[in-house]
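Multiple structures follow.
Both complexes below contain subunit A, partnered by subunit B and then by subunit C.
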Partner chain A sequence: MASPRIAAENVIREFLGRIKKDPASPLDAPLYADGVGLDSLETAELSALLEDEFGSDPFSSADELPQTLAEVLDHYGAAVEAEAV
Partner chain B sequence: MSEQNDPRVVVVTGGSRGLGAGIVREFLDDGSRVATCSRSATPAVEEWASEAPDRFLFVPADLADADDAKRFVDAVIERWGRIDVLVNNAGVARDGILGMMSDEDLDTVIDLNLKGTLYVTRLVSRRMLARRSGAIVNISSIVGISGYRGLTVYSATKAALDGLTRALARELGSRGITVNSIAPGYLRTEMSHGLDEDQLQQIVRRTPAGRLGEPADIARVVQFLVDPRNSYLTGQVIVVDGGLTS
Partner chain C sequence: MADYDPAAHYDRVTRAWALLMGDDLHYGYFEDPAEPVATASDRLTSLMIEHADLAPGLRVLDVGCGSGGPASRLVAEHDVDLLGITTSAVGVDTARGRFAALDLSGRFEQRDGTDTGLPDASFDRVWVLEASHLMPDREALIREAARVLAPGGRLVLCDIIRRREIGFLELRERREEFAVLRAAFGAARMDPLSAYAEHAARHGLTVDVETDISAETRPTFAAWRANAERHHDAVVDLIGADELDVFVRSLAILEGLWDDKTLGYGIFSARRAG
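And now, the complex of A and B:
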């Protein structure tokens, strides 16, 4: 079974393909503008989708909003480490 | 059974009495799964819980409290996994001339009618966004359009709901989610009890339909607005008042 981080990455890349963004965007690409190019509604949609799939998402529950795909995925990586402690 | 064939999941806020109860009844009758909330249970709620235990959920909640709103929505998701329809019906009226109204009464009306609606809609719209489908109906009032002496704060919150409807319809339209308002006229329910008999008779005389409204009059329009076949209808305020404001 895939780790939450890998599962989240799969969900995000599938989502990007569905909204006509580049599903192969590098992990360090900024989420907005010249990076992945998400607008505010697409960001809300991604946030809701991740919460629906995994029970939490970094846009709603983190102290600082993620700025890159890697920072989104860190939310799920960190959750795994916390569970292991 | 596939999810597509499952009964739809409907959330009706403030469904334990009055208009909300009429809306709950209509959805239960059409086979939907219905969740509702209010601060406390009523005999109607207990009847539905025993009549349709698999299709009815009641959660005691004060939606003016954001934590309670979240607890309610979380309970629906835990039970049925999704929400297809949201009817924002919960509301409270405090009558009186604005110049004499206490801070407490002002807060009570705004906190439930406006902030409570926003709390629930924020949570439910996220679930609908994730699935790219859904229908939201806000129960406003003709007093939000025409005003009514002694109901200034209530009227302001109802007008705000119509603004919410228009803005949210624009926000979510591209994601297959419709948002509409129904502005009922004067109904024969608890909310009309702030009006005395003379006032009610005067309203009846001025109403082309010649009577006060019944909850079922409104519930049928709710059903129409949330019918997936009517997905081209969004961002509108439907006045259902027997012709009073025509």
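And now, the complex of A and C:
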């Protein structure tokens, strides 16, 4: 069974493909502007999708919005857990 | 399977939108909420013309010229030397065809309003009618307008504006409403009217008009709704029932956003010294 981090990554990448952003974006890519290119509405949609899937999301629960894919995934578990699976 | 024809698609969409929004394809400035949208949208163009202070021979850059509707009025009524630019190749062709049919003189080119490639100080007027909300970087648009304006030249702009901050949690809660707007009108980003004025001042322009006309444009949505009812079958034939439904749903959403002062409409002009 995939870790929450891997499951979240799969959900995010599928979402990126659906909204015509690069689903293979590197983990350290900035989420907004010149990186992945999420606008505010797409970010809100991703936030809601992640909360629906996993019960929580890093966008609505943090004081500051995550800036990279890696920071989003950190909400669902540390990277070392994914490597151990 | 039929090949996708961008020109034919653009033509169908443009004809549908003309039935829904009126031939000018933009908001109206209503003095009477019951007046025809054609009268009101013509008045908005007239308001822009008034602020542009046009004269024969002036070099006018129409940024986001669409299919050349307002541009045709600038040339026909004021005999300006016009270049219309849009990122749409089909829009360029359509505008050229419109001008040819009207026997008007004007040029249309496919260029990006935020990075035109045009020479410095090569225009007397920059005209941006309801196009800036479709550009991701408003400051780049203003900076570019200031660059291509000759000394003494004027920038005139009208567009949908944001009248208050929308926090992330509110945006998330209302995401379905904004998704309907995106489906109807495309990805858009609205800034406060003050932001346009700040960008202009930062890039050497002196602002002389900065007016919120949200109240005067609000009746536009009822007018468009009436058109949707009046032209229902024709619009469905052109773009389908789902597209028409999205458009109609967007109107109530926009009325709500006008009424809670989230969005509105503004007009702005600024002059380059010289």
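Observations on the structure shown:
We adopt the following convention: the second predicted complex is superposed on the first by the 77 of 85 C-alpha atoms of A that agree within 3 Å, B and C clash if a C-alpha of one lies under 4 Å from a C-alpha of the other, contacts with A are read in each partner's own complex, and residues count from 1 in each chain.
Everything below uses one rule, namely that a contact is a pair of C-beta atoms (placed from the backbone, for glycine too) under 8 Å apart; a residue touches a chain by one contact, two chains touch by 3 or more.
All of these numbers come straight from a predicted model, not from anything done at the bench.
By the touch criterion defined above, A:Asp52 lies against subunit B but remains apart from subunit C after alignment on the C-alpha atoms of chain A.
Within the superposed three-chain model, A:Ala24 lies out of touch with both subunit B and subunit C [touch as defined at top]. Of the two partner chains, subunit C is the only one touched by A:Leu65; subunit B is not.
Of the two partner chains placed by the overlay, neither subunit B nor subunit C lies in contact with A:Ala2. In the overlay built on the shared chain, the residue A:Ala44 is in contact with subunit B and with subunit C. Residues common to the contacts of subunit A with subunit B and with subunit C across the two structures: 41, 44-45, 47-48. Chain contact summary for the complex, subunit A toward subunit C: residues 39-41, 43-45, 47-48, 59-60, 65.
Contacts from subunit C toward subunit A in the complex involve residues 168-169, 171-172, 175, 178-179, 182, 187, 189.
Contact residues of subunit A toward subunit B in the complex are 41, 44-45, 47-49, 51-52.
The part of subunit B that touches subunit A in the complex is made up of residues 126-127, 129-131, 171, 174-175.
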